[in-house]
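Each of the next two complexes has subunit A plus one other chain: subunit B in the first, subunit C in the second.
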Partner chain A sequence: MAEPSTPVAHNPLHTALLLALILLVVAAIAGFFPPALQRTVTQAMIMLVVVTGLYTFCGNSGVFSFGHIAFMAIGGYTSAILTILPGKKEVALDLPVWLEQIQLPVSVAGPVAVLFAGLVALLVGLVFMRLRGIALPMATFAMLVIVYVVALNWQAVTGGRQALVGLPRTTGLWTGFGFAALGLFVAALYDRTRHGLALRCSRESEVAAAATGIDLERERLIAFVVSAMIVAAGGVLFAHFLGTMTANTFYLDLTFVTLTMLVVGGMRSLTGACAGVALVSVVSEVFRSIERGFSLGGTTIAAPPGLQEIVLALILLVILLLRPHGLAGDWELTLPGRSQR
Partner chain B sequence: MIVVQNLIDAISLGSVYALAALGIGLIFSIMRLINFAHGELIMVGGFVIYALAGNPMLVMALSAIIVVTILALGMERLAFRPLRKASPPTLLIASFAVSYFVQHVILMIFGSRPMGVDFLSVLGESFEFAGLRVPRLQCIAIVVTLALMVGLVVFFRASRIGVQMRAAAEDFTMARLLGVKADRVIAVAFALSGILASFVSLYLVAQTGTVSYKMGVNMVLIAFVASVIGGMGSLTGAALGGFIVGIVSVSLQAYLPEELRPYRDAFVFLLFIAFLLWRPQGLLVRRASERV
Partner chain C sequence: MTGEAGVATASALEVAGVVVNFQGLRAIDDIHLTLRPGEILGLIGPNGAGKTTLINVLTGFQVPDHGSVALNGVDLLPLKPHQRSRLGLVRTFQNVLPFAGLTALENVEAGAMATGMARGAGRAWAMEVLGRLGLADKAARRVDTLPFGEERRVGIARAVAMKPKFLLMDEPAAGLNDAEAEELQRVVAGIVAEGECGVLLIEHRMPLVFRLCHRIQVLQHGATIALGTPEEIRAHNAVRAAYLGDEAV
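Now for the complex of A and B:
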C-alpha cells in the first residue's frame, strides 16, 4: 500500500537542474570513452528520455501503462517516413506520392513526429481515461499489441516484417544528453503545474481528489498526452540512433526494460527514474560484456546469451520484495538547505 | 456447411483459450495476481516435450505435466509468496519479471531459434464426418477441455480443499479467519494452474510441431483478454471468455476481407478495448459498489 507521502516543498526544477548537471558530467566523461561504450551511454540517455516520459504519467498518476512503447514506435516510424530518401521509400514502401516525395531534416521531422504521437495520445486518452482500476493498464496493453500488429503487417507504410533502413543516424552522445536534459525539465515543469499536483493528489486517494473537485479523467489525460510526447521524442531519438526500424524493437522486451528502470529507481520520483536508468544500463552493459567474453589467463570465458536479462529480472524481483517504492522512494535530489519539510 | 466447419474450429480453439484463461483466472480469483508468467508455464511444458522427444508419448506428456506443476509451485514459493501483501499492479510487474526470467533461462539452455518436435503428429490428420473435415486434434482438445472442466467443478464442489479455495476466492481474509490455510490454498491453486498450463502446452506442441522460448507470450495475452472478458475472479467467466475469444478470432479469420486478415489480432484487441469500456468488470462479475 502507498505510504502516506509528506508534501515536500521542494522545487522540481532544482531537481531537474541537478540531474541535468550530473548527466552533463556523465556525457563529458563518456566523450573520452571508446566508441562502443559511448554508444551505450547514448542509448542510456535515450532510455532516460523514455523513462522520464513514463514517469510523467505512471509516477504522477500511480497507474501503470504497458502501452507507452507504442508511442515510441509511432514517433520513430513517423520520423523515419519523413526523413528517408524518396528513392529508398519508392523501393521499400508503398506510400502516397506526396509522402514518398517528402524529405525533411530530422530537426523538422522529429517535432512533427512528436506532435503526431501527441495527437494519437489525445484521441486514445479521451477513450482510455474513462477506465478505472486494472482496466486502464489492460487497455494500454491492448494498445501496445494493436500498434505492434499493425507495424508488423502494414507493408506499405512500415515495411512490415522487413526492417526499415536508411534513417539518418543523427543521434549522438550530445543529442542524447540534450534531449535527456530537456525531458527532465519538461517533466519537472509539468510536476510544478497544478495539473501535476492534482494528479499526485489523485494518486494518493481518488476519492479525496474527487471531493476537492479534481477532474480525474482530465488530469490523467493531460499527463497521458505530455508523457506520450516525451516518450515519442525518445522514439525519434532511438530511431535515428539505430538507423533502422523494426516492429519487434518496440514490443514487450523494451516495455519490460523501461518499466524495470522506472520501478527499480522508484516511480514516484524523478531522481528515482534517473537512478533506475543508470543502474539498469550499467548492469546490462556489464553483463553484456561478460556475454561477449573476457580473457582470463589465456582462455576466453563467455557467459551464454540471456544472462543479462536474467540478472535484470532478478534485480526487479529483489527490488519489489525489499523496496516496493524503488531505490529512491519519494526522495528527490534538491539543492542543499533549500528543502523544507 | 462452412458455418458448421467454422463453428467447430471456433469451439476447439476456444476450448484451448479457455484452459489458458482458467489458469490465469484461478490465480487471480484467490490472490489478485494477474500471472503473466502463466505463458512461461505453457512454454516450459513445450520444452519438456522437446527434450524428451523419442520417448513414449505418455512419458513425454506426463513429464510435461509434472515439471510444469513443480515450476508453478516454485514460482509461488520463491516469487509470489513473499509479495502476497503487494498491490495488484506490483504483483503484475513481479509476474512480468518471473516471465522474463524463465524465458531467458530457457533461451540460455536451448537458444533462441524455434525448434521442431514430432509429438502426436498423427492427430493432425482429419476424419470426415457428415461432409465436414474434423482434425482429430481439435476433437481431442474439446473433449480434454470438457473433461478438465468437469474435473475442476467436481474438485471445487466435493473436495475439502476445493471448498476452501472457493471460500478464499470469495473473501480471503474471512476464509483465513475461519481456519482456511492461506499457504496451502494458494499452493494448490498454483498447482492446478500448472496442470492446466501443461495441457495447453501439449496442444500447442502437437498443433504447431515447434517450440520456442517466446511461444507462451501470444497465448497468455489471449488468455488475459479472455479472463477479463469473462470477469476477473470468476472461473466460469474465464472459461466463457475463452470460448468467446475463440469464436471471435475464428470469425474474424473467416469473414474479414483478405487484405485485413493479417491484422486479426489487432481487431481482437480493439474489440477488447471496446468491451472494457462497456463492461470493465467482465460478463459474469457484478460491479462492486465503491466504498469510501
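Now for the complex of A and C:
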C-alpha cells in the first residue's frame, strides 16, 4: 500500500486540464479581437496541436525529429483530396475515378487523413526506429525532403507546383481551441501509460532501459505513430484553415518554427510546449506588424523584411545557450496539493 | 527435479565454456559458472579479471565468441537484453545508471512495469520496494538530486522491483560508507531469503563478500582460479597470492 502522506509525481491529466482552461480563456478573449488577430490566435492553436504532437515523440524519447511536418502535409493533402468538389478535382488533378468522385465532409475526411498518416508513420517507423544516435533525426529529415519533393512534383495527386484550392475552410477559432485541448489530453494520456514512462526511461539511459526490460524500438515506434497522428490532425486543421495546399507550406519554415516553439518552451514538459507556442506566436506577430510598418507623425516606419525570422533565431540561440532545457525545463503546471492515486 | 550434484539442474543460471575476445585480448577464457536459486555467489578478482564482462555476457550486452548461457534450461544467447531481463535475469550497474532526470518512484515503477503489472499495481509495488529500502520519503525526488548512497539504493530498488529470479550486482557497495554497506548487506540477504532469488555479487569489499556469500568464485585474467566456500577460498594459496595478498580477511 502506498502511504497517502507521501508526495507523489504529478498527474499529467491535471496539467492538460489546467492548460486547456488557459486556452479556453485565451479563445474567449480572442473572440473580441478583430478578424486578423483572431486568425493569428487560431493559427497559434493549430501550431499547439503540432507542437504537442512533436512533444509526444521528441520530449519523451529525447530524439529530435526534423520530419514531422511531413505528417502535417500527408494529413492535409489527404483531407484536401477527400473534401474538394469532384468538379474541381477533375480539372486540377488526375485521380482515379473513385477518388475523384469522393466528396466527404471534413468531420469524416479529417479522421481518415489522420489514420492514413498514422499508417504511414507505422511503416516508416518500423524501419527508422532501428536507427541509433544521429542517424534517426537525419532519417526523419530525409523523410521530410522526400514528402516535399513528391508533393511538389506529383501533379496528378497534389497539383504539383500549383496550389490546390477549394478546401472547405472549416477551421475557426473554436475548432482550433477544441483540437488544441484534445491534443493536450491525448499527449497527457500517453504520458501516463507504461509506454510513456518506458520511453522517458530510455531517454535517460538506453542501456539501463534495456536492463529494465524496455524494448527501445517498440516504445519509440508507438510514440512515433501517436505523435504523427497528432501532427497530422494539425495538418488537417491547417489545411482547412488556409483553404489551399501548397508543398512549400509544409517544409523548412514550418519545421523551424515548430521546433523553435518546442525547444524554447522546453521539450520535456507539456507546459513548456504551450509556453513555447505562446511566446513564439506573440513574438512573430509583433515583429510581423513591425515589418508591415506603422505610421509615426506622418511618416511610415517599417523594419526590413526577415526581421521576424532573425528575432526567432536569436531567441532560440539564447535559450540554447542559457536554458538548454527550455523555459519550463521539467516543470509542469499542476494542481496544488494534489497527488495521484 | 533432478537436482543432483554434478548434473545440470534445470532451475539455475548456467554459464558453460564462455570465451570473449577484445581485439586479440582474451577478456574471458573458458569460464563455467552455476548460480542456483536462493544462493549468493561471490565473484571476485583483480580489476580486469573479466567480472563485469561476464555480467555483460549474461545480460546480453556482450556477445561471447564461444560458450553457452542458459536460464532454467532456456538458451539465452538469441535473446536481447530487454528480453532477458523480462525473464527475471536482472542486473545492477557499477555506475548505477539511474534514470537520472526522473523521480525515484518513476525509476522503481519502470522496474515494476517489467513484471507486466498494471499501472496502479506497479505504482503500489514500487512504493513498497522504496519503503523497504528506506526511500519512501524520497519517492517524488528527481534521482539526480539525491546523494550518491541513496542513488545507489534507487538502482537496487529498481532491480528488486523487477522481482528477479537471478540478480547480478556489479559492485553495489562501491562508494558507500560503512553504515550504508552494512545496510546493503541486510538488503541483499533479505532479497535472497524472501524471493528464493539467486544473487551473483561482484564486490571489492572482502569482509562483505566473505560474510554474505555461500560460495565464492575467483577470476584472474579471465579464467577461474578458485571456487569454493568462503573458508576454502580464504585458505586457498593461489587466491592469496593472486588477489587477497596481504589483505586481512
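Operating definition for what follows: the second predicted complex is superposed on the first by the 330 of 341 C-alpha atoms of A that agree within 3 Å, B and C clash if a C-alpha of one lies under 4 Å from a C-alpha of the other, contacts with A are read in each partner's own complex, and residues count from 1 in each chain.
Simple rule for what comes next: contacts are C-beta pairs under 8 Å (C-beta built on N, C-alpha and C of every residue); 3 or more make two chains touch, one makes a residue touch a chain.
Since the model is a prediction, treat every value here as computed from it, not as a measurement.
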Which of the two, subunit B or subunit C, is in touch with more residues of subunit A?
-> B
Touching partner for A:V207 - first (subunit B), second (subunit C), both, neither | both
In the superposed arrangement, does A:V91 touch subunit B (first), subunit C (second), both or neither?
-> neither
Using the superposition on chain A described above, determine whether A:V25 touches subunit B (first), subunit C (second), both, or neither.
-> neither
For A:L296, select first, second, both or neither according to whether it touches subunit B, subunit C, the two together, or no partner.
-> neither
Which partner does A:A135 contact after superposing on A: first (subunit B), second (subunit C), both, neither?
-> first
Is A:L197 in contact with subunit B, with subunit C, with both, or with neither (first, second, both, neither)?
-> second
Scan A:L307 for contacts with subunit B and subunit C and give back first, second, both or neither.
-> first
So the subunit A residues that subunit B and subunit C both touch are 1, 207
Using the touch rule from the top, collect the residues of subunit C that touch subunit A in their complex.
-> 59-61, 80-82, 85-86, 90-91, 93, 97-103, 105-107, 109-111, 113-114, 119-120, 122-124, 127-128, 131, 136-137, 139-140, 142, 158, 162
For subunit A, which residues are in contact with subunit C within the complex?
-> 1-3, 6-9, 192-194, 197-198, 200-201, 203-205, 207-216, 268, 330, 340-341
So, in the complex, the side of subunit A touching subunit B is made of residues 1, 63-64, 127-128, 130-135, 137-139, 141-143, 145-146, 149-150, 153, 207, 252, 256, 259-260, 263, 304-307, 309-310, 312-314, 316-317, 320-321, 324
Quick one: which bits of subunit B touch subunit A in the complex? Just the residue numbers, please.
-> 34, 79, 82-83, 86-90, 92-94, 96-98, 100-101, 103-105, 107-108, 112, 217, 221, 224-225, 228, 232, 262-263, 265-266, 269-270, 272-273, 276-277, 280, 290, 292
